[in-house]
């Protein structure tokens, strides 16, 4: 039975300094509010795991919460670069950031192995690229039947995974639909998990394309309406494309970013309340 | 674009003597009508692949279509033994039957590897059992990261896979829901595929829990209402439990079985028309 | 196996019941509320559904056909009945059942049957006879059992007891119990605890903590130690703390019979 | 990269258009009706959606976010816009995209962009500079590209051309084109044919059948060979069969502009 908690309590109890933390959500259902709560609570030395460290990790990296990033694509989708991520890699600001770099196929399979209780996964990947030279977690393995050589990547098993979903019921069964990315795998691979949801309901009405995580596979659920903003929750909200462009102007400059953290995060206001509109971006 | 064909044409064009053939459907959506069409067309020397060779393969084995069976559980679920399967293994009747035996976990992963274009799959399985001693397609592999030894099984890539689904549209997009077993994997692992469906419709209305196979991943679709009987198609029919018990009386005896093949299969009557009721079993 | 025993009526002050009913109810009682239970069809499914309707309403039933948290209102005839999917919290594909749910050790109790069971709880459902390639009896095979036996936190075996089925050493190890004795599971790297409970129509056996050999720890009402010894193919040891199973209550029996009746 | 070029208006008897519009339309034309196309965001997505609205209504668009057969009515702003899921034939998880659909070679055309591209069509989207650990510019990284480049039956690259981006040798091989030349893909065991077409704002390059080096095979209207040479960081060879791209038709331009307008 998953506990129904507040966002602050959920992050406070489940995310610890030094943890390996995965916030997942592939464009859709990105747990932005939880990311900002981690900043608010001042977590340090995190190893952040995420296929697409977009705005949510630009914020965590810029705020100095992370010492390492495990990822496959770090950009502001549809807009351009992640300036805080770049600044950390190129200039160690505000703290040095170690990186462990994979492809999407490799990262997805690392989560699959983690969810499956296997130490590694096999894929046709990386061959001929320069990634294996720089990433120690890419090795080669020989098929015992055909002799063919394939890539092997180790399982990812985060200390805690955090995702956003549309709904949960009062027992903590979680329901999401639309683009579901690697969220199920991220939760199943983790020791602990926190799911923020648009709403907690009495009964989960079936929805086409739904993925349901039973309550006994989830540690805690927090009701955070709009908790994916500027990402979206299909059936509840639209992607705030303007905010992604707006973020470029915030992330580009250290001082502007610091002001944003102070005013928009530490002051306790969540991304849900901070839309591009208010900033006059549209 | 999948071709919409008759069952006879679909089996006639796609299933060839000597083929590796998988008919899948895990209790639900078993393609019985297609199996009987294979008997009717007199296919020989097939290597039959199926996790649960239940009645559908008892019929094919008893009719002498198979030279080999790759499987993980061969019984009449909820009733008892498969007498034609036993007779073939124990007495080589009507022809000798080679067997290659796995566990469900191993078979499921062999399909997954086949669908994924990988030569093998890795699992925590078989350890300490007598299966690896008798099954050459179980080997061991060492994790390149942890040194742990795990089981490896080769991909299954059938020449043709046959499944039953609830619906297809006129382009050949296939929709199924309820217990979906390993059918998607079986189709994706195969060189060719045939899907029998309850109905071909203009538009596939979304259904909770649906799996959709796009038309370009399917070779042919045949409309065969009731084609899963005595198995069932959720939303269309109920499992005919009486028929499973009735089958025990048919399969138990060679002559009774031969008569059944002659009267119920070769005469062109499909399982859909032959219910337990008619035979006075209920 | 013991068709006769299954219909033997046991009478007394308690309501009348068969030894099969006692077995199902004893198995049901062993399932703690809230546990996640991987359920095979037949006796395990019956027991799990009785438990869910008596003391364990929050028992989570997982069927290998792809259902997590099924709440059937009738006994399913197969592991793939529609009612299992319709009443489940989640319906998933078969590869996912084994890879994401069973393999990582998320299931508390694996509930297995057996055609042959040996003194160390190893299970045979493959072939009877010494020669795999020329068996005396060809059985259905492994199904999900090898990995259920390996990966569930513990395993309960429900099986009718006879000297033919309870053997010193199984003809074929389909699913590993305690291997060749204490410590063998660890040596093999099997994560779960293996069979901790064997529930039969005569009583209950548990592995000896020192040797992992199955010993008789509990007798069903009306059964004597000698009956169990006679139905065991090895020199059965008896626990010094042998207890007596409580007879089925009227409520348990009525639950079991209602379920069975509804599934006809 | 070439922000200026992208807004250069090309005029004449034809309707006016920018070099970026010419690039998108040339890319769209390369997509045959009915093909399965793995689409990245930006230029590839624009081109694929123009193709679907002009000559290739049955083009199958596959986005790595998990959609098979998306039919968006506006240009998506990201690979994960809701419209892609809502209009798809099937929505699947990300591991399935890569394992069941991309890896086995089910996709005809992989449509990629590049920050750097070299004479053998190798792609860099990782770092600019010689030192991976201390890069001059940190780029987004691999995403799905290495396996798209490996497994699609062929790869089209759409990229604005400049001497800075078209280099003799990429600083980092994120995705393999033709490696170090003809035969290298086979030696590496990469199943697909690799980049068969590079579409830029200046023209079209194709690998030489003998050497696999990219050569100029087509010039967009108003562009001369010397313009392309000046925008290429290696000694660019020109195909003896050099052709001239047909200017965008009014219908193509209107489709492109309507799509772009709707996505604002």
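Each chain carries a letter (A, B, C and D) given by its place in the written order, and its residues are counted from 1.
Methods note: contacts are C-beta pairs under 8 Å (C-beta built on N, C-alpha and C of every residue); 3 or more make two chains touch, one makes a residue touch a chain.
In this text, all values refer to a predicted model and were calculated from it rather than measured experimentally.
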Touching subunit A and subunit D alike are B
When B-D is set beside B-C, which has more C-beta pairs in contact? B-C
For subunit B versus subunit D, what separation do you get between their C-alpha means, in angstrom? 42
Find the geometric centre of each of subunit C and subunit D from their Cα atoms only, then give the gap between the two centres in Å, rounded to an integer. 59
Whole-Å separation of chain centres (CA-atom averages), subunit B against subunit C: 28
Can you list every residue of subunit B that touches 2 or more other chains, as numbers and ranges? 112, 117-118, 123-124, 148, 184-185, 209, 211
Overlap residues in subunit D, where contacts from two or more other chains coincide: 99, 103, 151
Could you please write down every pair of chains that are in touch? A-B, A-C, A-D, B-C, B-D
Would you pull the subunit B residues touching subunit C in the complex into a rising list? 26-28, 51-52, 71-75, 77-78, 81-82, 85-86, 89-90, 101-105, 108-109, 111-112, 123-131, 134, 148-149, 178-182, 184-185, 209, 211, 232, 234, 238-239, 241, 244
Residue positions on subunit B within touch of subunit D in the complex are 1, 112, 115-118, 173, 184-185, 188, 211-217
Interfacial residue positions of subunit B with respect to subunit A in the complex: 117-124, 137, 139-141, 143-146, 148, 150, 152, 154, 206-210
What residues of subunit D sit close enough to touch subunit B in their complex? 34, 36, 60, 68-69, 89-90, 99-100, 103-106, 151
Sites on subunit C touched by subunit B in the complex: 41-42, 64-67, 77-82, 84-86, 91, 93-95, 97-99, 102-103, 126, 132-135, 137-147, 150-151, 172-176, 179, 184-185, 188-191
